[in-house]
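Below are two complexes that have chain A in common, paired first with chain B and then with chain C.
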Partner chain A sequence: MSYLIKNKSNVSNVQAQKASSISTQSGTSSYQDLDSSDITYNCDSAAVKVVYEYTANFVYSGSSGVGQAKLVQYNTGTSAWEDVSSSHYVSWGFSTTSSNPRCNNTFKFVIDSWTGNKQLKLQWKVVSGGLTAHSSNGIFDLSNTLDASYLIKPFLVIYSIN
Partner chain B sequence: MTNIIQTDSITKVQNSLVTSVTKQVPTLTYTAVTGSEISYEPEKNSTWVVYDIQFTIHSRASAHVGIYGALVYEDSGSDVAFEYRFTGDAYNDGGYLIRYKFLIPSYTGERTWKFMSKYHYGTNWSQDLHEDEDGNQYFPITTMYSIM
Partner chain C sequence: MSYILDSIYLDKSLTITSTSDKQDLSTSFDTVIGSEITYTPNNFGVNVVYEYNTVWSYKDSTSKLIFRLTEYNAGTSSWDVIDGSYVTLKSLKNGTGLINYKYAQQKWVGSKQLRLECKDSTTSLEGYLHSNWSQDKYYNPSVECTTI
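Up next is the complex of A and B:
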């Protein structure tokens, strides 16, 4: 007997990547790359859109922190990184003194499909206060023991929508 | 027999269903978040499994938020932590739609997963789950799927 498992999903060419080891990244006023966000992706041939979803943790340094991230793409014509568009920016955090923001974010971007390979990555900077990426600010394990240096590995999931 | 399964896809999507929800008050030790439990066996030959949960919280004492979270699975009757999360703020009387997404290397066989939470020290750093500041209640949403 033969049978075909027919996938009616319009999601295809799913790729995921996760840091195997990680260090914290201190935010500055200049854009820098977020670890594990860089990928070279080839859309499914029938793709209409591509969804880029990056998950990472951010905690305050000092007593407040507001961050901004943007999706950038590599332009092989100019050999330079460029913004995907002005609508591919996100911001998060609190600027009030002693607001102490700590959060785990999944940044989701939807991009028009393309032909061939395209290299994408996420860049971030601090716009107010201070932020550190991938730090947890400490967690309690299941035994209620504090692990002050626990880091949270970022990861990326990208897929085509046909 | 010939089985053809499309690769590079999302498959075997499963969600946790709860038919009612009430305010949940965490303690200083980890307890399971209502609606977070899923028994899940990954699709054969999958590479990753995603666990995705979202739920509403608000600062219980109209002060701070400090929610510790642990994604755990059961192994031989014991809870094993996969990863931890922490969301917090201070002096904001915060209300959040918490969303935590986990990327899990695929495994063989069925595991029962749940998301557990506890609050930070002191009730000023605690929060109520599934409820907003005005006492409106919201269902948690938990989803798992395999990435081929």
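Up next is the complex of A and C:
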């Protein structure tokens, strides 16, 4: 048996997951998990960094909305979820009345590699106004008919960089 | 039996920069923190993709931020603007959001230094980089180059 390695890539152990069935998630002032963001990942043995990329859609539920998300990891020692770090927070949206934010975000976080399994997930909350996750605010299908309840499935991609 | 292991993503180089404060922009172009990278493409590739990630937040209720990608010119010891690299971010409503800018270029030979530059459009259209909406959390920006 022989192997020809034509090109060398330093991206490895790529994993992806997508929601099979979802409902909208209404944002509140408390953190909640984002659908399909929870994963248990084992780095490539040669990994230096790990890239966590989660994509989801958000639509206003009032007339404005600002969301904030953070990456958290499960601490098996304390059996509790904890922030990966204070630098793993992001926010999006508009806070002025009648701003009606709608956006599709890819949240990208780069973290140091680890040994063994680690469980990661993304949590979010609303810090101003109102937002709904996974809603599309309506789409027009190929026959130009409005589908006001169309949902956009979130997905996660995670990989190691060696 | 033989296998050909092929990938179109080669020699991904990625750098994270720790931040503990927001970057307050001015009306003159300045280097975007964490955007500079020195990269040598893989011999097998055709193009190089430069990617930069961070977050931004409003300073004025309306923000208009202008970005451009530059490369270091060793002959003139200056940074040259790469044609077609200007991007404008504009928000009318006390906005905040994610920045994910990607630029594809033809592969070059040897190493090259690249960096993003940014400015406020005017003194009444200002914004911050690397900060969340409430300006109490600061994102560590990442820059990467990949040969494809």
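List of remarks:
As a working rule, the second predicted complex is superposed on the first by the 156 of 162 C-alpha atoms of A that agree within 3 Å, B and C clash if a C-alpha of one lies under 4 Å from a C-alpha of the other, contacts with A are read in each partner's own complex, and residues count from 1 in each chain.
We adopt the following convention: a residue touches a chain if its C-beta (ideal position, glycine included) is under 8 Å from a C-beta of that chain, and two chains touch if they have at least 3 such contacts.
A quick note: this is a predicted structure, and the numbers were derived from the prediction, not measured.
Applying the stated contact rule after C-alpha superposition, one finds that A:Gln68 touches chain C and leaves chain B untouched.
Once chain A of one complex is fitted onto chain A of the other, the partner contacts of A:Asn57 are limited to chain B, with no touch recorded for chain C.
Of the two partner chains placed by the overlay, only chain C lies in contact with A:Val127; chain B stays clear of it. After overlaying the two complexes on the shared chain, residue contacts for A:Phe155 are found with chain B alone; chain C is out of touch.
Once the two complexes are laid over each other on the shared chain, residue contacts for A:Thr40 go to neither chain B nor chain C. When the two complexes are overlaid on their common chain A, residue A:Thr28 makes contact with neither chain B nor chain C.
By the document's definition of touching, of the two partners only chain B reaches A:Ile139; chain C does not. Once the two complexes are overlaid on the shared chain, A:Tyr89 sits against chain C while remaining clear of chain B. Contacts of A:Phe107 after superposition on the shared chain: chain C is touched, whereas chain B is not.
Shared contact residues on chain A (touching chain B in one structure, chain C in the other): 1-5, 7, 9, 11, 94, 96, 98-99, 101, 103, 106. By the touch criterion stated above, chain C contacts chain A in their complex at residues 1-12, 14, 16, 18-19, 42, 44, 53, 55, 57, 61, 91-98, 100, 132-134, 137-140, 142. Those residues of chain A whose C-beta lies close enough to touch chain C in the complex are 1-11, 49, 51, 64, 66, 68, 86-96, 98-99, 101, 103, 105-108, 110, 127-128, 161. Within the complex, the chain B residues that touch chain A are 1-6, 8-11, 28-30, 47-48, 50, 64, 68, 70, 72, 79, 81, 83-92, 99-101, 103, 116, 118, 147-148. Per the touch definition, chain A reaches chain B in the complex via residues 1-5, 7, 9, 11-16, 18, 44, 53, 55, 57, 94, 96, 98-104, 106, 136-142, 144, 147, 150, 152-153, 155, 157, 159.
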